[in-house]
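Quick one: structure below, then a few questions.
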Amino acid sequence: MSIGFLILFLALIPALWKRSGLFAILWLLGSGIIAFEYLEVLYSYSVQDFLISFPLPLGIANIGLNKLSAFFGTIFSIGLPLGFLYGHFYLKQHQAPGLRSHLFWLGILGLSMHGILWMRHILLFLMVWEVMSVSSFFLVMHDRSVSLKAALNYIITMQIGAGFLMAGFGILYLQTGSFDFSILSAMHSLPLYLLLIGFGFKAGFVPLASWLPQAHPVAPAHVSGIMSALMVKCGLYGILTLLAMNSLNLREIAVFSLISIVTAFWGVIHAMISTNLKKALAYSTIENMGIIGIGLSVGLLGLDSGNPVMATLCFAGALLHSFFHSLFKALLFYLSGNILCATHSLKADDLGGLAKKMPRTAIYFLIGVIGISALPLGNGFISELAIYFGLFNAISANDLPALVMGIVLLGMMAFVGALALIAFAKLFGIIFLGEARSPKADNACEIHRGMRIPQFALSIGILAGGVFGGLGLRFVKPVLRWMGLYMLPVLDLQGIYQRLSVIILLMLLIFLLLYLIRRITVKTVKSATWGCGYQKPAARMQYSSLAFVHPLSYFLKPFILLKKSGTSAKSMHPKEISYHEEALDPFFRYIVEPISKALAWFYSLFSHIHNGRTNAYIAWCLVFLILLLIWVLL
Amino acid sequence: MMLAIILFAYPILAALSALMLKSRRKLDFLVLLHALLHLGLGLHGFIKRGSLGAMDDMGLFIFLISSTLYMAVAFYRLGLGQDHNVKAYRVHTIFLMLFIAAMDAACMAKDLGLIWIFVEATTITSAMLISYEHTKSSLEAAWKYLFICSVGIALAFVGILLLILAQPENATLLIHKISYPAISPFWLKISFVFILVGFGTKIGLAPLHFWLPDAHSEAPAPISALLSGALLNTALLPLLRVERLMQRAGLGNTSQQLYLMMGFISVFIATVFILKTKNYKRLLAYSSIENMGLIMLAFGLGGFGIYAGYLHILGHSLVKAALFLTAGNILSIYHDKHHANIKGLFYRNRATAWLWLLALMMILGFPPSPLFTSKFFIITGLIGKGYYLPVIALILLLASIAWSMIRISLSMCSSEEGEKIRLPLWTYLSPALLLLIATVVGIWMPVFE
Amino acid sequence: MIHILIILLLPLLVPGLISRVKAIMVGRIGQSVFQPYFHFAKLLRKEEVISSSASLITAVAPALALAATFCAALFVPMGNSASLFSFKGDFILMLYLLALAKAFMVFAALDSGSSFEGMGASREISFTAFLEPAFLLIMAALVFSTGFTSLSTLLSSYSISGLEVWSLVLGTITVFALYLMLLVESARVPFDDPNTHLELTMIHEVMVLDLSGFSLALIHYTAALKMLIYASLITQVLIPANASLHLLWYLIGILGIAILTGLVESLMARFRMNRNLELVLVPVTLSVLALAALIARSMGAW
Amino acid sequence: MIEILVLVFGITLLFASITNMLSSIIRILVLQGLILFGITILKSTHLNWLGFGFIALETLIFKAIVIPWFISDTIKHNAIHREVEAYVSNFFSLALMSLIFLGSFALAVFSGQQSGRLFPLEFGIAFATIIKGLFIIIANKKLITHLMGYLIMENGIFLLSLSVGTDLPHIISLGISLDILLSVLIGVLFIKRIKSTFDDADSPGQLREE
């Protein structure tokens, strides 16, 4: 079980004595050692297996790793220590009561995430899965003033998700009688669907992800960073283990691709129109999950319709995207923590002009935006390129289902990519550029140096991944080989990435050249912005975030459920009017609320029987006795 | 046999000597000694099976649970306040010891008649314990408890008589001696129904549960912990024995269907009232009803369901007792039972808040607690038996229970007001000890026959 | 070598030609065709005035935009049938490089903090939201008919041959879609009126309102280069693969497109803003139509 | 002879459903105690002297003398209003009583064929008393009447145990009667205390889910 796990376990001790610094360092050390183990498993063929015997009904539980869990393990062992390091500095700035318990739960969350990858026994897997949900619930609940309703919604959705998982695993246990993960291969359709839905809850696919945009904005920055960058991957890990072991038929793949399209589309629209930075980032997590879903569905189509090149490319794209997503999403969430510490507000319309006051945060945010909206310098482009290659392969192969799906997915992915670019251009533009729109943004100042270390490391990761595409690919190759995919396209993808990095270096060279020429030769003079002669331009006159996306949100109105509220001026004399626009979550509004109302009504029917009079109780007892007698005798 | 005699001699002697004692400390000391003796004998019985009054494994299992709970309660009482007058406290201690003695006797007895007598004795003694505070509501609760339970148990006695009727020649009430082929199925079914309704009222299954919320919420915290932790299991014991009898007599599926039906109704009724109640101690009482329903579901499934049932009994009694003790802490801080006007628990006393939240999480079946495994087996068993709709309904019910309990506890811990209060150390240690044992059991999962 | 020369010299000629055509249409002699070159040279020497609310981005954006567009241009076959760099699926990189350039133009606009530039930025980026899917779908049509290879091989192998009526129909659809994209990208009349004075109606011009001197020169050159990229795509489709004197045909093609754009500008007025948004959807529908027709043909529908 | 006693027992039941005076119900309890004492003497002829004497004394003392005296004493002291306030009119309870008789006799006859050892008459009457006891609890408001309904039910159960045939071992029957005595004593104790804390003696409806 390795020394790494032991060190991570020991990290709980400093957590209990409120020494978050030592906690973060221990986690760094432990994750380093564990990362070596994961890489060793990833690249060599020796699969580490331990057998722990449990009493009667649970049988022998084998704890081990396979290539896929090693892959995700490396992602976690990179993401988690950086998250805790950032958390250490963030909590110093953001003094909230209950630090000792918060660190304890952070340690438990990290351990449970690693634990999930090691478990090969259904019941233990479920247990660690639930421990993860409980610990993340307590973490989301950290600053209690704002987060109770969202935390409650989160834990209940996780409970129902776990219900699905239990039902699915239960059916499997009934059919095969063993708890080992080997029974996951060649399952019937019902347990497969149940398990996929159960994992879908955590992975954030649309009908099941109403908790994600509520839970992440209220959690502290490092927690929401870890949750949306890494915890969502556990759901993905579950889905991938299922898909690797079972084959889906054409109809199921079509449904899966439909869900992922809706997820991507719905996520990006709401990311575009939400004004709160963290809510936008949460929605963009859903969108990225949609893109990974698209990659997986096309890959599956490739396997199903016998086009191995397409399958390999798309699976490679999906895995790469899940790895790179954990980098730039974590970076963006930690930066939102920076902004929160500096300006105590995350509403885009209060901020502005932060680039001048917080230059380093602005640069990191820019790198994050380049990464997430798949622009060439960032690593998002590398993974989306692989998925595009898969799609184009699907189109060039002329069998009808693959062709139709390829075209639909291609159009949708390009459109979603464009909308993502708009959403993050809006975020970066409104928050960092222009004038400060409120006194809060005005007196912001750069953050404590320590907070920027993890962000610096992450942005280096993004740029390196973006410019030298081959790095990521070498990391993904063993997993593809483990999944039994045709390896040739990966080699020529490697070649393409090399040429790609040459082009990007050329571009950077030209840019530096131009920039230096301008710097040396040109003399610059400062003066006021051109305001077409208007004498008193105010900062509030700048374009607001909703206005920025108005042309498109006007166009996409049927897809968004808007709740408008505000007071309009009634009388002649001008009074204070207000206008508030807020996008509701249609799934929560039209599925979850009606069900809960129906349940509440149904329960209230029976709530009068406890009326306090003894003889009523005895009457109930007698009636029940007679009913039972009749039932038994008949 | 000799150990059994000690087990019963001590409470009587202690009761007599308690009459003379004046100070609270000595009374508490007596109780502690009784608890230590109780636990010691239990462990001795566990090591050398059958040494403690020829008790079979089922009885021993329940005996051990009640002894651990009794130990925790005894420690908890050391921390309690000194406000009550000594005379009432002396009566309270005597009845407590008699109550424990009656419960042990009920576990040990083999003859159904004897079991009936001792269960009736527990009802009487615990009625006195509930009405310790002399408030109007606790008196009423005690009266209702005594009255409804004795009516219920009288019906159980009718069932026992019918059992004798069902055996043509040498009818005997010693369960293991009943000759199975000769029993007439007709009378056996009717007697099973009566016994089920009789002891069902004692356990608090659905339509007969009305006394349980009042009794458990009005009783002082240590007593309600004992009531819901130990007494419910002791009342469950005869039902399990009769169910085993029914299985051997070939009427297995009727008894299982009855168990499943009763279990499901009680989980449903518990959900209805958990969503509605305004008082957090009643909330815990309803969750006891719900868990008893789950236990009945587990035993109604058979096969690995029985293993889940025992695990659930163990988990539930440990965690529920810890919850009631913590509720006692909250009561001593806020002196108010309505959770609506309890605010800022985290701020006023951090340890109780965390104990409360952790115990709540464990009672809802989140992993460290053994309830998670038993919930898994129950769901699997139900699917195995083909009840697909009830499984979905069960998941929904459990989710709404979780929703309402977490909402209530979150609203209790939300705001930051009131001044910090320190409670004596024991009031934290005993619930924490119970939760620790529950977590160990949750992870290590012992083997039952 | 010709490729580099064309990229460096030719772009600024196109706006010159267009303004000359517009002037002639209205009966004026109009400015000389090389006026943009003189304008570019003058701007290089002027000092730059930067707005007080500008941050680092204003200095970086024009340079990076030009660099990105320049690299994108490397993939487009200009002059002869093969482009300088080409690898399988390079059109995706070209598209995203243009998107990178656009993103940094938007950042530069927002950085000045004026509401006009914000308006222009938002319109620019929402117009092009539909161009990315349109371009990729056109490429999908090409890929479907000729297999998945690099941009230059795709274009050269897919040329309109007058004989077969089928390729004529598809060719015109693709060219029309590409031409519409050219109009949107280079902010020509139906979408945006370059020489209007009312800031509220501009898109491209208003984004560069606060740039001057060296940066403005770079921006003008980038805009012209982008127009040249789309123009050369169109000409590449029109020129048959085996045509000799490929360079001559290419220059005639660019000249023709410039004149056509001039004619369009002088004959049509600018559409309303949200009408434009729907018009931008036309290339997407056209490319889907082309794809559907191709699939139907290959499946032997007629 | 036993059949006659059992019939008289049935008649006392009918009488209980008519009266609306507390004191008359106590008289019924005493009468039932005596009848049960008579039946035990007639039934247990074969027992040795000691066992026989023990059971007879026990039923006589507990059922006929101690409990009714104790209840009448509490009524006098606490000045509980003598009237039996019932929810339902006497006519209705009488009609229901006949229904119960009908049902229990049908069950007795039907179950008679099942196993031979049963005395249908005694079983019918015993079953009727149990249901009647329960019904008295349900139909009346005052706490004291609840207690009396419970006692009538206990008498019915005792009759059932007699009619079952083999005698229960002495310890068990002693234990049962001891338990019943204790529950009645504590019940009365509670009623006294409730009487002192509440103003009225009818069942307090304070503990309910509002």
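Order of writing sets the chain letters: A, B, C and D. Residues in each chain are counted from 1.
Definition applied: a contact is a pair of C-beta atoms (placed from the backbone, for glycine too) under 8 Å apart; a residue touches a chain by one contact, two chains touch by 3 or more.
Note that the structure is a prediction, hence the values are computed from the model and not measured.
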Centre-most chain [mean C-alpha coordinates]: A
Pair of chains joined by more contacts [C-beta pairs], A-B or B-D: A-B
Where chain B and chain C are represented by their mean Cα positions, the distance between them in whole Å: 79
Where chain C and chain D are represented by their mean Cα positions, the distance between them in whole Å: 102
Centre-to-centre distance between chain D and chain B (centres being mean Cα positions), rounded to whole Å: 31
Interchain centroid distance [CA atoms averaged], chain A/chain B, Å: 43
Where chain D touches two or more other chains at once, by residue number: 134, 137, 146, 204, 206-207, 209
Numbers and ranges of chain C residues touching at least 2 other chains: none
Residue numbers of chain B (touch at least two other chains): 143-144, 147, 151, 273, 276
Residues of chain D defined as touching chain A within the complex: 131, 134-135, 137-141, 146, 203-209
For the chain B and chain A complex, residues of the former touching the latter: 143-144, 147-148, 151-152, 155, 189-190, 192-194, 196-197, 201, 207-208, 210-211, 213, 254, 258, 268-269, 271-273, 275-276, 304, 307, 346-347, 350, 354, 357, 361, 364, 366-368, 372-373, 375-377, 379-380, 383-384, 391, 395-396, 398-400, 402-403, 406-407, 410-411, 413-416, 445-447
Complex interface listing, chain B residues touching chain D: 111, 113-114, 116-117, 120-121, 123-124, 127-128, 131, 134, 136-137, 139-144, 146-147, 150-151, 154, 157-158, 161, 164-166, 168, 171, 173, 184, 186-187, 214, 218, 273, 276-278
Chain D partner contacts - residues on chain A that touch it in the complex: 607, 610-615, 618-619, 622
Residues on chain A engaged by chain C in the complex (per definition of touch): 352-353, 355-356, 359, 362-363, 366, 370, 373-377, 381, 385, 388-389, 392-393, 395-396, 398, 400, 403, 406-407, 410-412, 414-415, 417-419, 421-422, 425, 428-430, 432-435, 492, 495-496, 499-500, 503-504, 506-508, 510-511, 514-515, 517-519, 521-532, 537, 539, 541-543, 547-552, 554-555
